[in-house]
Amino acid sequence: MPVMKFTEAIRDAYAETMRAYPEVFLVGVGIIDPKAVFGTLDGLHKEFGDERVVEGPLAEQMLTGFTFSAATLGLRPVLIHHRVDFLPLTFDQIANHMGKWSYMFGAQQKVSCVVRGIVGRGWGNGPQHTQSLHGFSASIPGVKVVVPANAEDAKGLMVSAILDDEPVIYIDHRWLHSDAGEVPAGLFQIPIGKAHVMREGKDLTLVAVGPMVQESMVAAEKLAATGKSIEVINLRTVRPIDFDTIIASVEKTGHLVVADSDWPHFGVASAIINQVAQKAFGALKKAPSSVTWPNHPVPASYGIEPSYYPMAKQVIDAVSLVLSGETNGIHHVSKTEKSHSGTHSGPF
Amino acid sequence: MGDRNKNQDLIRSLYASALRIRMVEDAIAKEYPKGEMKTPIHLYTGEEAIAAGVCAALTKEDVVYAYYRSHGWYLAKGGNLNRMIDELFGKATGCSKGYGGSMHLIDLDVGFQGTTALVAGAMPHAVGAAFTMKYKKQHHVAISAFGDAATEEGLFQESLMFASLRKLPAIFICENNGLATNTLIQYRQPDYPIYKRAAGFGLESVQVDGNDAVAVYEAMNEAVIRAREGGGPTFIECLTYRVLEHCGPNSDVSLGFRTQEEVDAWKKRDPIVRLEQHIDAETKAQLIEQNQREIQVAFEGARRAPFPTSLIPEGYQCL
Amino acid sequence: MPVMKFTEAIRDAYAETMRAYPEVFLVGVGIIDPKAVFGTLDGLHKEFGDERVVEGPLAEQMLTGFTFSAATLGLRPVLIHHRVDFLPLTFDQIANHMGKWSYMFGAQQKVSCVVRGIVGRGWGNGPQHTQSLHGFSASIPGVKVVVPANAEDAKGLMVSAILDDEPVIYIDHRWLHSDAGEVPAGLFQIPIGKAHVMREGKDLTLVAVGPMVQESMVAAEKLAATGKSIEVINLRTVRPIDFDTIIASVEKTGHLVVADSDWPHFGVASAIINQVAQKAFGALKKAPSSVTWPNHPVPASYGIEPSYYPMAKQVIDAVSLVLSGETNGIHHVSKTEKSHSGTHSGPF
Amino acid sequence: MGDRNKNQDLIRSLYASALRIRMVEDAIAKEYPKGEMKTPIHLYTGEEAIAAGVCAALTKEDVVYAYYRSHGWYLAKGGNLNRMIDELFGKATGCSKGYGGSMHLIDLDVGFQGTTALVAGAMPHAVGAAFTMKYKKQHHVAISAFGDAATEEGLFQESLMFASLRKLPAIFICENNGLATNTLIQYRQPDYPIYKRAAGFGLESVQVDGNDAVAVYEAMNEAVIRAREGGGPTFIECLTYRVLEHCGPNSDVSLGFRTQEEVDAWKKRDPIVRLEQHIDAETKAQLIEQNQREIQVAFEGARRAPFPTSLIPEGYQCL
């Protein structure tokens, strides 16, 4: 299987679907920019031309309505935002239109579009350019929301999103852009709405989202050395959440930790723990726990920014606390923190 | 002579279209107090010439995106009357199967695309549709219809500018009735004509008497030809007047923001009366009778039709 | 104490604060309309004039930035939307600006503004005009969110919101507008961030939001007749949630049901059950439960719309299920459903 | 004679202001590769005449709302240099205490209000400030500064229209450098001048050479007088050019969307060179030396300053 970077995997998903389906096109602000959206559109403008790589003006709200309308007429547009933080600007079109269209008219039209946003974490981007917003995006019914955790996800979820007949919000973390992995060729799909058991285990269920998947895998590895068997679930889709897979796992392990790269109270971590508490209370041997961002925006200063983001160490602590009531299991976790290497300094 | 006939045919069809809208709206207003249509209604009474004039210049393949005040647009584009009344009654046989209500009408068979309750919300949808026509190398046009207040929303600028930049086959129809709910336009907009503001986005822009169906049709016809030939979008401001209250079947003069005299003065410019001058009595009587019959059938059918049985529309997947 | 309607209580809050504080003003689309925003501004335009009752154009996004900026310069604006459904249109200004301003600049300015939205439930308003959106509004840190449940709340929370130095989103249900109750005169305040124990009980904690408070009180009354003692907590503030009061109650009762007028997965119900499961797991004798809207938009048709909204009966069923494993406790709950009486038919 | 002196004073102060900005930006560009300023930087090099010209017409009580490309605006309005450099270094002594970074500068002592990273996001803030001036019966003005691409956002229309309707003391400064990141204006906007589009909102609107600080100042002065007298808002389009890459300290010619020749041609119109012609060598030398000294102090101070110690700013309440 070809090995490619996360960004190349996204590019591959675009290229394969655009070659196979004339109704697929890309639209967004700055997408004909030579930097090609962090490389994820490399060469596509050249290959598919102005007709299918459509530069938009700075009018994200209009572009969202535009995208969704083209979808109802049989096209499969992908609207691309350099920053996921622009989604709130478009939320009337997303929540009130795109996400309600099918229901409101009795399911007469397909709404086959994708809205992609990129998380800008790192390099002192500050509060307005570092949000994750997958919980926010999932909070109003009517759209699907996916968050890829690795190169394989990046391609498989994008292909599925493009070929889905319902609107899909696709949120990728710039943070993961340089990660590489094996990625199947062709129109490789990963089912939307299904979580992926990345590592089997019997002591505790660790559900992780996006960049927390890699942290959780590191944590599980370290914990294995101390005799703890952790089942790591890569959530992949945050709306609809695959509660079945999670509950089946908790019924086996009896313990639950959710690791999310989002705020604590209204996001995926709450949604999962709520559902498990309601539906699998009897299976839980201990209180469930979550590892999330603190309950406030992220600071710009690199003097304190790293302490904002939970990493493998915090996951290990949370798991240890649940399993044994103390955190002092493991120290010296290698820092997978990457934003401060200086690779993420632009373009804006 | 051919021209005169053509003109006579045009006027007849404009009259038939406008009259049908008027009679349907009157019937809804009359029946509404019975409480069987539990859905907000925004009647089009007094503004019929616009939808009639615009749609007379379109084919079935052209698409219309309108708003919550859309009974008239739906009918002028050829939407199925029975299914519209069923929708107002909340019935499963409604055009939106009962899930949408009065503000969300649709009839895809005739290019009447779904409408929205958010002011200006559908303008980008028309732009997306116009883009799609071009993408598919079809020569159809997309119409966006909206009120004067919709031009206050940022989406107005964003939609016009993109259509203009890309020379998309979109036609923007502003129904300027000088009102947003019960607020006069002078409290909302600087004193500068809307069509001139629109011209600033680099597209063709004209103003017409929106109570003159022929004038609307003619402006529209030019715009349609331009759009089909790849000449890009047009903005048409139609000056008109809302006769009834914003939402509901009654007059709103008692609220005090406008006078009965003003309403009466506009009634003299009634679009249907103006067309009627060119219509012979027999034609008129025939049309009235036919409409009455169809309206009666529609209301009787709606009363008998079943409610939806599920909270989830059949085929709806996104849960 | 004066008895007044919910709408009059809001009006009273405006009038009292405007009389006492020259920096308070109202702004919004259609607020000089003779219908005076469902009567909640009756007479205020006349009393305070165009300067302090500011009609806005249909430019909600601008009005939101406008409002928040005036607040940073020392004014206390209240931005009023006839429908809470217009909030998504303004969410860039709310989430990225209003809600981040204080943090982003190191807390140098007060952001003393209120954004009020009204829930349009009933009369076939359809999917776009019947949302509650308090969970959505609370999902991004930086704003407070309150949902009054009765006339007393309506006034006390509005006065507090106006006098708060942080941004507050105030969401009232048109559904409750004609409810009347005793309301203290003057600058009566209810603390934001504190839940209110409306009824003490020892068997189960029932946390309710907005219109579900009244349903929950009816339910508790009926359940009392069968020997069940229910503690009803009116949440009042949905961000920040008063977890302390809730957890103290659950530690006493051992059982939890949350009744929310919102969707199930990403709202207040999940946030509360998650926190209780994490922090008071040991106190829970049974699985917690929630009563919420179904996981999709609301239909327009009055043939099915009533079955969308949970009422006292559904609350009773949920409570009974938790306490005794079955729902067959009580039938014949008088319908408090009101939207279909025909009183709510406009203005739009 | 008095006029000539006044003019000479003006040019001197415009030069001093523009030169200071240039020298600070150059210093940031030079130091940036060391990696001590871990925050995106959007340099103002080549556009200095605009902030200098605009702010020369303002008092400390007037307020400025700018955007992510705001080092120049911050300095021209009189913002504290040390605290700006501290902020770029992420230090607790920064103007935003390290929480904001380069895109979020503020100095309330001199009326430099907080800036935003969202294109066009601050336009309504200036409108709210102008309203507040009027509300408080003060005669100050509020400035909104933004790029050409910001005029594509719906907020542009919404902000201009409301300022115009209410005759608010707001002045809108569009820095038209023909670029949004690396996308030329012709891919984004129809071929229709921005200032004419703005005029459609019913306000005064002019276009000036944005590399001519005196021209900017003069247009601005008229606008300020009008605003203070209750004559309402003005829109000023300033034609200019971005010399460096969108974000970062380098040239972007290698990306291929513009040529070195184009950049060189614009450098001939360098705003500082143009002012310098009227400045004697001694003044120039003095100013350069003073700036060098201040810049050195600022960078040394920033290096020594402490990082913030808490994830939560002191006094921040909204949790």
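Letters A, B, C and D mark the chains in the order given here, with residues in each chain numbered from 1 onward.
The criterion applied here is as follows: a contact is a pair of C-beta atoms (placed from the backbone, for glycine too) under 8 Å apart; a residue touches a chain by one contact, two chains touch by 3 or more.
It should be emphasised that the depicted structure is a prediction, and the values quoted were computed from it without experimental measurement.
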item	value
Required minimum of steps from chain B to chain C, each step between chains that touch	1
Centroid comparison with chain A (C-alpha atoms), farthest chain	B
Centre distance in Å when chain A and chain D are each reduced to the mean of their C-alpha atoms	36
Chain A and chain C, separation of their C-alpha mean positions in angstrom	31
Whole-Å separation of chain centres (CA-atom averages), chain A against chain B	42
Averaged-CA centre spacing for the pair chain D and chain B, given as whole angstrom	46
Sites on chain B at which at least two other chains make contact	94, 96, 98-100, 104, 116, 118, 152-155, 157-158, 161, 165, 188-189, 316, 318-319
Junction residues of chain A, two or more chains touched	57, 59, 61-62, 85-86, 89, 92, 96, 103-104, 126-128, 141-142, 295-296, 299
Contact graph of the chains (line, ring, star, complete, other)	complete
Residue ranges of chain C touching chain B (in the complex, touch as defined)	29-30, 32-35, 55, 57-62, 85-86, 89, 123-129, 294-296, 299-304, 307-308, 340, 342, 345-348
In the complex, chain D residues that touch chain B	152-158, 161, 164-165, 188-192, 196-203
In the complex with chain A, residue positions of chain B that touch it	63, 65, 94, 96-100, 104, 106, 108, 113-114, 116, 118, 121-129, 131-132, 135, 154-155, 157-159, 161-162, 165, 313-319
Touch list for chain A against partner chain C, complex	85-86, 88-89, 91-92, 94-96, 100, 103-104, 126-128, 131, 133, 135-136, 138-142, 239, 241, 263, 265-267, 269-271, 273-279, 281-282, 284, 286-290, 295-297, 299
Footprint of chain B on chain A - complex, ascending	25, 51, 54, 56-57, 59, 61-70, 72-75, 92-93, 96-97, 99, 101-109, 141-144, 165-167, 240
